[in-house]
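Each of the next two complexes has chain A plus one more chain, namely chain B in the first and chain C in the second.
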Partner chain A sequence: MDKTIYLDVKRCVGCGACVVACMDQNDIYPEKGQPANRRVYQIEENQDQGIDICYLSVACQHCEDSPCTMACPTGAIRRDAATGGVAVNKSLCIGCHSCAIACPFGVPRYDAEGKLQKCNLCSERVEAGLEPACVRVCPQGALIFDNANSVQSLKEAAAANNIARIIRTQGDGCN
Partner chain B sequence: MSDVQRLLQGKIPGAATGIEVKKSICAICDPLTQCGLDLYIQDGRIIKVEGSKENPYSKGTLCSKGASTRQYVYSDDRIQTPLKRVGPRGEGKFEPITWDEALDTIASQLKQIKEQAGPETVGFFAGYAKFFRPFLKRLAHSFGSPNYMTESSSCYQAMSMAQKLVFGRPGGPDIMRADCLLVWSANPFHANPGNGRAIQNAKERGMKLIVVDPRVTPTSALADLHLQLRPGTDGALALAIAHVIIKEKLHDQDFVASYTYGFDEYKEYVQAFTPAKGEELTGVPASKIQEAARMYASVKRAAILPSASSVVHHTNGVQNYRAVFALAGLTGNYDVLGGNLVNPPSFIHTPGLIPTREHDFVQSRPWSDMPPRIGADRFPVWMDIIDEEAQAMHLPEQIRTGSPYPVKALLGFGLNYRMWPDSEGFRKSLEMLDFFVNVDIFMTDTCKYADIVLPACTSVERSELRCYGAGYIVFTQPAIAPRYQSRSDIDIIYDLASRLGLDDPLFQAGLDASIDWILEPSGITAAELKKHPAGMFVPNPIKPQERKYREIDFATLSGKMEFKSKVLEKYEDKSGHAALPVYTPPKYSLEATPELAKDYPFILNTGSRLPMFVHTRTFRLSWTSSLRPNFPSADMNPTDAVRLGIRQDDTIRIITPKDAVSVKANLTGMVQPGVIHMYHGHQAADVNRLFEEDYLDPLSGFPGFKSALCKVEKADERVVL
Partner chain C sequence: MRELSKMVKNIAIIGNGCAAVECIKALRECGCNDTIHLFSDHSYPVYNPMLTTYYVAGKIDFSKLFPFGTNDELARTFNVRFHTRSPVMTLDTTEKVIVTADGLAVSYDRCLIASGASPVRPPIEGIHSGRVYTMRTVEDAIGLKTALEQKPTRVLVVGASMVGIKLVELFRAAGIDVCLADLATHLFPAAAHPDCAAVLAERLRENGVDLRFGTSLTRLEESGAGLLAYFAGDTMPERVDLAVICIGVRANTAFVDRNCIDTAAGVLVNERMETNVHGVYAAGDVAQGRNLLTGQPQIVGLWSNARYQGRTAGRNMAGEHDVFPGNIPHNITHFMNMDFIGIGDVKNYDKMRKYWDGNHFIQLFWQEGLITGANLVDSYTSSGVIRQALIKGLQQSCVHNQGTMPLVQDLLIRKIIMEVEQA
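Let's turn to the complex of A and B:
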């Protein structure tokens, strides 16, 4: 299974370092009308007392069975052989926005020439054995570059640890 | 695409691409925990940045500001050459001059003013960054002026003052070993990400987290308990927590009996602060006050993480923070592992676990050999407690009134008048100076008032010495040549010292020799440090030791931890400063000024950090500003907005009796109903205009930026703003 980028929502604090690191890596300049490949959302939820907030850093999910690839009429969206990510060949893109319609996450954005622009999983970096720029910069370790099952194992181990601590301090409720 | 093209596309360093990685540190923000930078350089130009993995603090990561280093360094707004003003002050008309002409003019002007009016009439001011501070302080004192001032006149020093009044020596939170962390109005996730990461990691190992903050933040979101108080009521909350701790006998009775002064009077005073009274004064439910007191006081090791400015940006700030820090004494959590541990500073307020001669270096002339510092009459406790500098909040008034003595000239490094309350007033005071020099990276509005403007370079273009709490030290080397004719602030200081003809052997010996002299007790040399461009761990780090007060008295007048301050006892009659940490509401508040509150019903709370900005330093970058569209804006609770018919991004006017600013409304539950929060320092909407010049804490001189009164109106949409 290929590695891709995961977000530990509990650790994301919405600092935006990932957004900027991506722009620095990929020479994206907002003042030239170039859209970011990654965005951060602050979600507020009303509670009885005040609000709860959480943050999400989002970009292309590099779906295994990607709807954008299926929707693209010109074959501009392909699976990258080296990383397994969803890659764009801009020279084939006709700017028809079919991928925007197909993508369930609202990810596709279009550059000043109207062509699809999105995260390419930093494929050149990954091939060179480096992490994607957003993962490398994240000060909270919220973005993780790994394969799905490894990420799940980490999550599971953390949950197990938590349960063990609760049992140690509060008992298992069976006594 | 060829392999090399792909490598170039990915900015992969190596022989094939000719991309080289050089080391530096980021100083866009300056929390004294500078993040390490890996600069990807191609043909002498930075093409990308990353965090240095060697750096023990940032561990290879950066925040959005540091990640924007390339835009910061290559900004079109960089000042390119020394400039001489040719138009009226403020107009911004300058003419390029040579470094020789600029520095000779400055030296001759300063010498002339010194001869005619005295050295004390020349002020030396250090804004951001902090790396050149020891050298500027030495320059001021070697010149003969006591008036070395810094931006710490509105950040850090009042927090330090509160701690020094209680303990003598401040202690920092030992987060790694704490069982409970009481974060008192700080949001490290947006101000100091390494501390944020330390909190997340500690939380994962089971540390309890209490967050006191009037706002909802990522830190409060992580808390076991969030005490969302009304701005400026911190003292009342701390006293109510103390009430519960004492009543339930959760305090450290041995510590209190052996090592404290004034406990009985303090105990008597907190009697009135029942949880119900606490709720009434702060808005925090009584049950949460009790829960917090039990959580903090019943674990073995509990630490307090303060903020350098939030609590002390109130007119009652120092007294409030004294009440907070008293909790560490009450529970015996002062100077213990996992509590607030005392680590003496090595260099620029940072404990590097090495002995140095910084103090001797910076204090090249004793205070007693110089006239009183600016602010001495008005803030005597500052002069008693704060050894480093003058209180710059008094500067605008002293320029204007010439009392107790005139201020004729100002040599500013990164001086920004928008830092002061009544910023417009200070702008006007600047016009009254005989001679004003400002050194900056960018052409700011403040520079436009200077007679001479000098171009400073950024951290990646210079050398600087920094220590880290982990026992790490770095002496950076320029990763790229300084852009245009810019120079390091330190080079400018040394060059000026020479042209001023100061009889100062260390200035004459140069920077490396000065660093060798400062670091001499540690055995580390500049030459050795240069071999480690990303820094190195110090040899023989001082091992952290707890309860040092058992051997060495507290550095207070009583020699003990003081619930009741002996320093303040001296001023109790004359200045009315209470010796106990007495709670009074903010100067302008519903409680203190109910009549004013009728017309100005909102609490104005300003200057909390946003993750992408640090003061004014990254407003101009498209990468950081893209993270916060529709800026400048003010945060407003949606319930207030509905009541006033205000929608997201509507233009609103924030009005105080002093002035008004127009900004976009940002509707968010991060602020409580009844509170308006606004970020500071923006050219298009400078919120500090709304504060009076003397809206200061009478103890510290710190401005009350975090609680005043205001009203809000939806701006007339026909008016072009």
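Let's turn to the complex of A and C:
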């Protein structure tokens, strides 16, 4: 699998632009009973100094060894050869919800006909060499469309910057 | 007795279910070029037992029972020699030979036992009547679908199980009166806490289902065009047109020499899917792997579990190293526009919290600070996160296990726990 969508939790401010962009790109109408492919959760935690709030923009993680694929009784969930993402063949979906209990991220939702509806990694955009709509619109740069190695490099660079900043402000403890 | 290919290196696979297919796929993906012989009791392609009720209900076509395609397609794709209608009678692990019912003997180098499980019929009078059905195999599905063409007006479903409830759903959808009976005192006795079962039972009654719990079926008697079903302590029988028995399944191990291969309810395996006999593996509903909550051997009869086990067996049989550490019992069933979810252990707990707003029901169970069980009704969106938390052994406070789950999962489970705790 090549690229997928990653979330930098520290950058997400819960603005919901990704959700709207996803709905627009995929012609999702909530008023017709169509669930969003992407959701933003607000997580509150009581801390000693008050309440700590963070936001999670969550959609299908397109797991490499996807549990939903293994759980699907009909073969409706398969790897898409073009995007490398996890795709749904709705004509095979029986709405049994086996994928719901398999998904570690609570992603699966079902359309008005009871069939699985989820992020398809904006296959039309990706096949055209574009980023998924949610990534394209994120004003914080919290959503990243890249491969695992590149994302890991970004994380390592961020960690190195943090260490450098601490050393600059507090010294390295050496005389 | 005919002998086949004694000199070449053979892999024997007993059974034609998803565990067998995943094993074969893994073998070939790992570059194994040995000859694969697959032995099946029947001639149907690999089918999913769970789909049988969907077929009977008319929700899927017959061809959709077979998610891996035809036997010919599998044989061609993975170079497999199919021996259909060839039940294995003997697995001789000393001579490393398999003997089928029609006398075919095939020597093997490595063997996978993936023979699945069969429905249990209680040993009571009348149980073998032609009006008594089970629901597991393709033949079962064809038989019941044919019976429904006779327009029954009232049926008995024995066993308030995941299969039983799907039968209830399809019968009610067809306008048929249903009595659902179980020896246990409530629905889903293995997976549901009585509190959760009570919520579901109320909804079933609202949908016109007669529930009969805490009583055992003692006798079935054909009477005219129907059946009389007698229950313990009740002189008046249930009058029905047909009955379906779905009280559980038993691992198919008749060909296994229990003096050689360690067995309990099924064939005992380690995390590499190896039995105690070198070169013999087991996977699927016949295999007794590890329950991650109890640490004890347990058959977890799930499609995905069988696939993971089969894949793990295949990789190891090909000479790779792979482990499937075990699983926890978990089920989701979607019926009559509702979901029931049972995860882990809901019987043994030292703390329990319940969230119930009239629409959504979440019940969490803890043992020594660990979430060890959950019941959910119409809350499927939380089910996967909770299941993952159980598997990862996430502690209630989430503090001690920080870093054991990806951050997103970690935060999602905290949110669920907080909602239930504050209810």
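Everything that follows uses one rule, which is that the second predicted complex is superposed on the first by the 174 of 175 C-alpha atoms of A that agree within 3 Å, B and C clash if a C-alpha of one lies under 4 Å from a C-alpha of the other, contacts with A are read in each partner's own complex, and residues count from 1 in each chain.
Heads up, the rule we're going with is that a residue touches a chain if its C-beta (ideal position, glycine included) is under 8 Å from a C-beta of that chain, and two chains touch if they have at least 3 such contacts.
None of these values were measured; they are calculated from a predicted model.
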{"item": "Which of chain B and chain C A:124 touches, first, second, both or neither", "value": "first"}
{"item": "Which of chain B and chain C A:25 touches, first, second, both or neither", "value": "first"}
{"item": "Partner chain in contact with A:54 - chain B first, chain C second, else both or neither", "value": "both"}
{"item": "Residues of chain A that lie at the interface with chain B and also at the interface with chain C", "value": "44, 54"}
{"item": "Residues of chain B touching chain A in the complex", "value": "6-7, 9-12, 48-51, 58, 60-64, 66-68, 70, 189-190, 193-194, 196-197, 200, 204, 206, 216-218, 221, 226, 228, 285, 611-612, 622-627, 668-670, 672"}
{"item": "Chain C contact footprint on chain A (complex, rising order)", "value": "7, 9, 41, 43-45, 54, 56, 58, 61, 67, 70-71, 73-75, 92, 94-98, 100-109"}
{"item": "Touching residues (chain side chain C, partner chain A) in the complex", "value": "48, 50-51, 54, 59-60, 64, 67-68, 302-304, 307-308, 330-332, 334, 339, 341, 343, 380-385, 387-388, 406-409, 411-412, 414-415, 418"}
{"item": "In the complex with chain B, residue positions of chain A that touch it", "value": "11, 13-17, 19-21, 23-25, 29-31, 36, 40, 42, 44, 46, 49-55, 122-125, 127-128, 130, 133, 136-141, 158, 161, 165"}
